[in-house]
Structure formats: C-alpha cells, structure tokens
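Take a look at the structure set out below.
Chain nomenclature is as follows: A, B, C and D, assigned in order of appearance, with residue numbering initiated at 1 for each chain independently.
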C-alpha cells in the first residue's frame, strides 16, 4: 500500500508555500529492514526523481517486504531557482551554503549495555529526539530543510540520497564498513568514506551508528553485530545534472532493487555484483585547471586512463590559437568533469579515482 | 599571411582590461570577396571558437583568395560571467539585455545613381562612418562592444556570426535573398530571415544592403546586381552551448570553407549542397511548456516528427507520480530544447520548424 | 466593502503554485471614475506594497466613491528570485526579459461614431476581448503574467503602476496629455511620456485611448472629451528598491489619495499641487560611466545641479590611488544612481532630467 | 616612501588577467612594529578601498614609523561579478565558497626554547614557508588568492582585514587576547573571538601566535611576552556594503591611525578609547525570520534595544494585509540587518550583540 502526504517546508516572500511530498510504501513483513530514499536535494540533480517514480511504479505492482519511504524533489527551493535556463541548485543563492552540508550529527552519551535490539531501538529514538530538538530552534532554512528530511531518514535502516554530478559517470559514496554491500547497487565506481562528518546526509546516517559500534566494541560489549549490518547511508550519483531520462531510470531502479533484495527489503535473490573499482575518499582527486580558456574534455568518463594520456585540452587565443593539454599525472579513472567548456584558471576541471582497487 | 592585434573593449571595476583579438588573413587576390567571422558573442556558445582556430590553421597552410577577418571570444565580458559552473553569457547580467541585439542599422539617405562599384563603395563607407559616429557617444557597454565588432564586420562582403543554442541540432539564419547560398554551408536546417531589423549582427549586415537594393530597384537603377550577390550576414548555430569539440570543429570548418569556395573567397570548387529544410522565420515556433516539473526530451533533434508524436514528457509528483506528455501539434522538425530538465510552466520548452520546404 | 481573491499565475517545477491576490474596494458611487493600482511587478521594488496596505487601511475606514482594485506583489515569481541577499526581480532570470515590457497594445479597427459613453464602453470591451484572446495562446510566463494583470487594469479609468528605482528620488511617468493631472500625485519630478508603445503597463493603458482620441479628432468626431479626461496610465517610482518603510508609505498614500480626490474617485477636495519639474522623456538622460572603479555618488538626488558640478567620483588604484570625477555636462536634476559603488566602464551611472520646465 | 607593484592572481577564460596591487610604505624606524591592511576580499564590501586611499594620502605626507603594506581590491574576481547591479562578491559564484574561509592554519612543530626575538623570527619564517608550500599545490582559485594574500600578511605584526556587512553599524572582530588594543580603533562594537580557526584572515593571523603562546606558557618558557603584544589579526566592518564614501573614509582612517599610534607603527600619542561594547562571539546572535514577506527594519543599528522592543515588521498579504512584528527576545544591540526588504522564511534577518559588557 502506498500513501503520500505533503509537508510544508518554507513560505516565500510572495506568500507561496513550498512543500515536499513523502511517499510511504508499507512493507509486507514488519520485521524486514527498511529504507529511505530521497532525490534532488541539489535542485539540478534530477535523475533520482525519475528513479523514485520508477520505484513507486514497481512497488505498486510488487510490494516490498520492508517499509520504504521516498521523497523526490527534496529541496523545492533549490529546484525552483534559475540562472539563465540552468538550475542554481547546489547551494543557497543567498548564503552560498551547499544544501547537502546542513545535516546534524547528534552527540549522544554512550548507551547502557542492553541487548542489541533494545539498545539500538533506544539509540535510534535518542537520535530522533536530538534531531527534532535541533529543529525547534531559530535556524536558517537550509538547516530546517535538512533536519526535516533527516528526521524522516533516521527511522530507516538504509538511506539512499540520490544525486547527480556535473557531467559524470554513475558512481557512489559508501561508508567503509559497507563497501561490500554497496557493490550490489550495480554501479562500479565506489568511493569508500571514512568515519568523518562533513554535514552530508549519508554521513549523518552512517556516522552515529559507526561511532556507537566502535565505542561498544572498545567497551567489550558482546552482542555486537557485524558492522556491515549496521544502518548505513549512501550517496548515489546518477550521471549528469540537468538531465532526466525515463529509460535510464529503469536501469537505475533495477540496481537499487538489487541492493534492496540483498538487504531483504525486497523479496527475491540479489544478483552477484560485477567488477567494481573501490577508491578511498582521500584518493578521489580534483584536478584544478592550470589553463584558462575553452576546454574539450577528452576521455570517456568511467574508463581507466594511463599516466600521460590526454584528459582535456584548452583552447587559448594568443598571437596564434593554441590548444593546451592537461595530461594524467598518474593512472586514474576520470569520474566527472566541469559542466562548462568555459574554464577560468583554478576551476575544478576533472575529478579522478586514483589508487583504487579492482574487485571482481 | 596572418596577423593579429588586440583591441581593449572594457575596463572593469577591479582595473582589469578586457580585450578582443582580431586575426587578419591577407588574401592572394585583392579583387576577391572578403569575409568576417566572429564567435562567442554569447559567452556560453563556444564551439565557434574551435572553428575559428581550425580555420586559422587551414589558412596558415592554404591562404585564401579574399581577405578573412576572424574574431573569436567576441564578448570577453560575457565569457567570464559565471553562475554556478555555467556561463551566464546570453545577456548582460546587470541589464538583462541580449548581447546580440545591440547592433546598429544606420538610416542613410538614398545614394546617387553612380555605377555599382562606386555606389557600393561609397555606401559601405557611409555605413562605416555612421557606425563609428554612433560609437563616439556616451553609450552602454553592450552597445560599445557591438558597434566595435560591427565596424570590423561591415568592411566584409560576408559575415558569419557563430553561435550555439541550448541543446540543439546545427542550424542557421540566412536572409531570404541568400537562402540558396546558405545551403553551401553544409547545415540542412535553414531559417529564412525577412527584411526586418531586430538588432542582431546578421541583420545589421544584410538589411542595409537589402534596403539599398530595393530602393534602387524601385528607382529603376539599371546596374543592379542580383540580390544573391549582395553582402550578406548569417547566424550559424553550431550545436549545444557550453560544449567545445575539436573533432566537430573540423567538420564545421569544412562547411564554412565550402561556402567560401562557392563565394570565391577560397580557391577551389564548392561541393553541391545536400538536402536542406528551409523554414520562414515566422514559422519557427516556440512551444512553451504547459507543464511544470522534470522533463525528458524525446526526439532526436533535427529529425522530422509527425503530428501527435511525443516531443517531451514531464514528471510531476502529485498523489502519485505522473509523466505529462507534450505532443507535436503539427508535422515539424525539433531544432532545440531547453537546457535543463527542470521546467517551470511557461518556459521555452522546444523550438520547431513548421511549414518548411525540402530542397534537394 | 473590501473583498479579495487569489489568482494562480504559475506552477513551478517543484509543484508549488504562485498566485497574486486581488483586493477589490466597492465604491459608493457607481458613476464615479475607477482606479487600478499594482505594485512590485519588479520584485525588488517593494515600497508600493506598503502603500497598497496603507490605502486598504484607509479605504476600510473611508470607502471611496469609485471602485478601486489593488494588486500588491504583482509578480510572485520575480519577488522570490534571489542572488545573494538581493532580489533579482527586474528581469526574468532565464530570458533576461524586463517584466515590465510584456504588456500588449491591441490594434483595433476604428470604432463607429457612436455617442462617447457608448463608443468608449464598446472600445473598452474590445480592448478586453483582445487581451483575453492573446492570453489564450501558447505564451511565455512573462507575457501571461502581464496580460493577466492588464486584463484587470484596463477595466479602470486610471492605472497606477507602483515601482521603485535603484537609489532614487521619487518621480513618475505620465502621458503628455495628463501631465497636469499627474502633478496632483504630489511628486515633483515628472517625466512626460509621448505616444509610443514600449511594452510597459502605463503605456498599455494610455496609448489605446490616446490613439482613439487622435483618430476621432482627425475624423471630426464632435463629442470628443478633452484628452485629460481620457483613461490614463502612470508609472510611479517610490524611491529606493530593496527598501520598505511603513512611515514613508503614509506620505506616499496621501499623494495618491490627493490624485484620486482630484479625479473624483475619492470624495473631498484635492490640494493644489506644489512646484513640479516636467521633463520630456527624450530629455531624461542616462550617463554611462567613463570610469571603472568604486564610485562615491555626490549629489542629493532630486536637487538641481549646475553644469560643471560634481555628480560622482570614482576611485581607481593605479600606481597611486586616484578619484576620477564625473561632472554635470549641463544643468540637470539627478533622479537616480546605480545601486552599487562597484562600477564597470559603460555601466549606467546616473540618470538626470535635462531641459525640464518648472511649473509652480 | 611609497612603492607599488602588481601581482597577477588569475587568468580568465577570455584571456584577461586579474591582478592585485600591493602598496608598500617604508617606515622610518626599522625596529617599529609593522602592519598589513587589505580591503574588499568580499567584492561588494568596498568602503575599505576608500580608507586605504585615504591612508596612502596620509602616509605620503606623514611617513609612518613601521612598514605598512596595503592591498585594496584584494579580490579582483569577486569585485567584477555582477548579478543585476549588485556585486555577487561574498562567495565564489561557481562553488558557493565564502572567499574569507580559504586561509590556512599551518600546523607547526613546537619550536625550540630560544630567546623570544629569535624564536618568534624563526616561527614567522616557518609560517611563511608553510603557506608558500601550500601555494605550490594544484589548488582552487579561492585558495590560491587567500594564500597569496596571507603570504603578504603574515610578515606583519598587525593585520587589518577591512570588510563591510549588509546594512550595518561599524563593528569589528578582535581576538580575545587583544580586545583592549581593539578599542583604539575607535569602533565601539567589538566581537571578542576565541582561539578557533574557521578559515578567515584575522584568525589565520592570530591563531598561530596564540597557540604558540599557550604552548610556551604550558612548557614554562620564561621569556614569554604578554599576549596583548603578540601579532594579531582584526576584521573591521566599515558599514554598509555596496557603498563608498570619501567623507566617511576620513573618519575611518582616523580610527585606524589612532590604533597604529597606540601600537607605535605611527608616531604620536593615541587618544584614549571611548565607551565600547564587547561581546563574546558566541553571544553574537542571528535572528532568522519567522515571517516571509516585506520587512521594514525598525531600530537604529548600533543602539541598545530593550527586550520586547520592535526589531522589524514584515508585511504579508492575506485576506487583509498584515504587518507581523519581530520583537527583541532579550536586551541587545542590533548590528546589522538583511540587505533586502524581500524576506523568505528562515532568512538571516538581523544580527544582535547579547550579553555584551560595556567598557568605559
């Protein structure tokens, strides 16, 4: 059964109200794991909306085992802001604050050593209370929106935050403790995220449980589940921003359903993952442009490139025109490049996986 | 022989000076027709820059017959303005004025009935004087830039203003009197422009001559050349904005060289044009979106579409998600679509050729 | 009696609906003249909103003779768009189109020579039908919004479009045929607008009647009222944009009420106007900056300045810092200046009345 | 003696080069303390440029004792970016990054216990080497610009970073250990900054010395000078952004000269400071707007306000218009308010000093 409700998140100067719509899919098995999926926290990153539509169509026909909550269009303010035809949706146009850096990491006292089901239930309740408490303050909109979404997300075991990135190959961010699970999402490029909180939703979901787990382990708590069974948060990057494809959404949704089968949220048997490239977050490198001008990006994104190969060439008009090459300084996999051919010196040109390992 | 010089066009608040660079290629035959080519008057429309680089490379090896003047990066202010990663280059961010609407149509007295070479020489000189006079006033920057470029352009017989357009198939604007010539540019989608001045460079080049021709014809002047031999201005749209491709630039340059051969600016024999679709400007229709949401654009741009076929579908999140179709209301050729999947009601969704004729 | 209703004008990509609110004040005398007042068509020009609130408060206590329709916040899309803290509300951020250039001038056949009350009633009805017809097409949002407002406005005899302007003294635009009436608004700086249509609301209200009047006069129609009794449109500029003052709104509203008394829309006797400065629109000059840098604006706006006096000085950092003066080239009254001290060469620095006449 | 040089900081896509200009004033006494002053790191905050021009004029007539380095227009990229007439200069329009958060806090090993002059000389040299090392990496422009400025700043004893803030009263940020010194700047509203690094220049100047001082104190080093004699960084907020006043700059410069006299950088006797209000940074509160609409800001900035007094009122258009009050929840001094009357729910409305102490 699928229900939906609207939550008003902001009143604008004109008097218009902005809302998010929350779709809730009731699972068949109350003991199954649950999932929260949102999309478009960055307004221009819209492919996840098509994926959520596709998943809702799927669940209408084939209900899941566990509860699924889906929030498309998670940031109605960011979605609506235009500069030219483009969507100025990655940061608040007033403050410059990245919309995906305003989530909250509650600092909770270490819990009493109860049995794991009870301990984790109480811990989750305490997280929720902390987030709702923070939400009651006099806070900026970016924070209010993030906490509103977080209070929905933290009730779930798994959180998938669907984004896109510039011009990019599909890739994802997974916490180190869940990188094997991440492979079931069907996206070969995986960034392995350490236990550090920078304000993003995936971290806000993973870090509290990870830290709990480490502190219980240190204290010799003896009912500790394997870390890979903890709640976990992922950021999934579904290709280019400013673009939506209903056809691609079917493939994207198939990957998510495979992950949910692996986790028991959806019935059936998950397919084994294909080859993956796993890269520590610290080895995900930005190449800032040494050249200003007009850039032709060379490589197919997502493909391995050897040291010395051409990554991009930038056209400059001096006494004669000249194309300035940017070469790979090490073996790498280009993941994304700048959205524009118009590049100033010091702009973020290309991001590449380095020191990644290949898992079959 | 190719020479280049810089012209300073604006000083910014920081004290920085912006300049354009003018490349001049001396032709081998002083009697040959001449051409002026500029690119990127809209800052995000950069493919023409690669085409100019390619043409300069070609002319360095194979000098043309007629003089060729090339101005890449024609609008250094527009090129440098960013909103997010995108280039806010189609209009002045301060005034909203489209950079390609600030050219000048001089109103000249009807010339004396001299022999055509002398008459046209004097007319061109008078046009130049009028533009330079206008340039001396206390004028806004958009006007100053346009007039500076126009004063370079009007010395040439043919003017090619290289643009790009959103997500688009290659297409071009040609004056009605030159639509057969236009086919030699190798771009099948041709908009046939009437004698009306809206401020664009192609019009600023064509209209004065067209009007002269009509007035001489009306007065019974008997040395009148065919209209197709008049000076003429074209706007050539080289695919997507925000993208530059050195490989595509070779093909784009080949089309321009074919046109120049046809006109005798370059030696050699032009290839006969392939099939073209010619559409009166008044039949180039904008479809404004009736639906707000996230739009998946259906058709391949530049391909003929039948009435009733799907042009786009827009995802909306009501009680259940729904894809709203936009159908073709008549047979047409979609030429370009909105640059973003994020669409408000009333945004310019798609532009299509209607009532076009096919020329083999 | 005051009633209000909401009209939805646009659905945004997020699904949010934008609306305008129309307040209608029923007058006591059905034969009295009527007025339409709107504010904030440019989103950052908000003082008119406070004035409308003040007028509504006034009319609640003292009902007018004629009907009054008031639309604050006339452009909810423009009001909501931010760039930094500022409101990007003067033009559509996607197209660059000035919101106040999208109104419509119907081209109507000359009416039959009926008695004036009947002739004018039919003419008004035909104007309304033309605007509503245009509104039914596939049109961009800027046009849809303008026509929606225009269809409300043209039912009234007098239209006041409340704006603000950069940093500015209060001033107004009135059609030439109504410049004596305009003086009753209590704002001394008056621009006298000729019969030319550029897309603004005041013109869309004045021009059709002005042209009717001229054509009837030419045809020898003998019931013609004086031009000053025709319907008329004004643009009233209420000081600085981005600023609202409840205290100032009382004075602004008092001026409007005085005008309405003069016109019989409100009961009571109008005060005679004070000294005015009336300037033909063609003599309202823009001074574009010859200097780039940081500008300190010298004169008190609205005050007469002699030729050679300092209008502004611009700081530049060369080998030593230097303040570059901009002097008045003729006697004038500075009306407004650029909103920012940061000025590029060719920016619109100051606007001044020249060749104005003083009316006691 | 005053000399100046230009440093190129960025090449733009158009090929234009942006530079900063560094003015160096040689002091008469090589043993005197030195100062570094920059302005306009945020492009719209320009009053400091006029102050630097004024100081240069002063030093040309009256050379200082210590060396003075002045960098106006410190961020030529930020100064040049426009959105409408306003300067989009507080954050990078591409990344959203605040320009004043990209400075660097080197982590240095504890120095050997040498005599203080030698120890501090070596420490300063190590700071410089660390900053220059960081500058050599492949870094984004915001970082490159900040480090270029920081490498100039850290050679000085005192750093004044001149900013402005929205609509604001003059105020300043000073490290806790220098709050008595800060009073000599002649600005009564003082924020007392703890030892925490958030990326701003004042912190980048103060923190390394503060931490050194604490570590030496902890280790029992016996030549430790009083903390108030350490190098120190200040951020000085000179009123409204987007505004420059040559007249006000004379008063602003007089305050800075008084501080420099107190510190011995300029000869002469400093005037004793007037009454100051000193507020811990943690008590500098943002009031986010609970109301969306059009806001009239009530109080005079910089004046003490009692709990319950009106801070602002926001106009909303419901069935009837209504002004919604925002009241002071505690005794406070409003320091700045939002730059626009157009306010969305959750925007940063007003910032106030609370729990401040008054020092005579």
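Here, a residue touches a chain if its C-beta (ideal position, glycine included) is under 8 Å from a C-beta of that chain, and two chains touch if they have at least 3 such contacts.
The shown structure was predicted, so the numbers you read here are calculated from the model rather than taken from an experiment.
Where centres are the averaged C-alpha coordinates, which chain has the largest centre distance to chain D?
Result for the farthest chain: B.
When contacts are scored as defined above, which chain pair ends up with more C-beta pairs, A-B or A-C?
Top pair by contacting C-beta pairs is A-B.
Report the inter-chain centroid distance for chain A and chain D in whole angstrom, where each centroid is the mean of the CA atoms.
Here chain A and chain D have centroids separated by 36 Å.
For chain A and chain C, let me know how many angstrom lie between their CA-based centres, rounded off.
The computed centroid separation for chain A versus chain C comes out at 48 Å.
Where the centres are mean C-alpha positions, what is the separation of chain A from chain B, in Å?
Chain centres of chain A and chain B, defined by C-alpha means, are spaced 42 Å apart.
Multi-chain contacts only, two chains or more: what residues does chain B have there?
As it turns out, chain B has residues touching two or more other chains at 12-13, 15, 21, 73, 77, 79-80, 82-85, 90, 94, 294, 317-318, 342, 344, 347.
What residues on chain B touch chain C, complex-wise?
For this pair, the touching residues of chain B are 10-13, 15, 77, 90-92, 94-98, 138-142, 144, 286-288, 290, 292-294, 316-318, 342-348.
Across the complex, what residues on chain C touch chain A?
Counting only chain C, the residues touching chain A are 12-19, 21, 73, 76-77, 79-85, 87, 93-94.
Going by the contact rule set out above, which residues of chain C touch chain D in the complex?
2, 4, 21, 43-44, 46, 49-50, 52-53, 56-57, 60, 72-73, 79-80, 82-90, 166, 242-246, 294-296, 313, 315, 317-321, 323, 338-342, 344, 347
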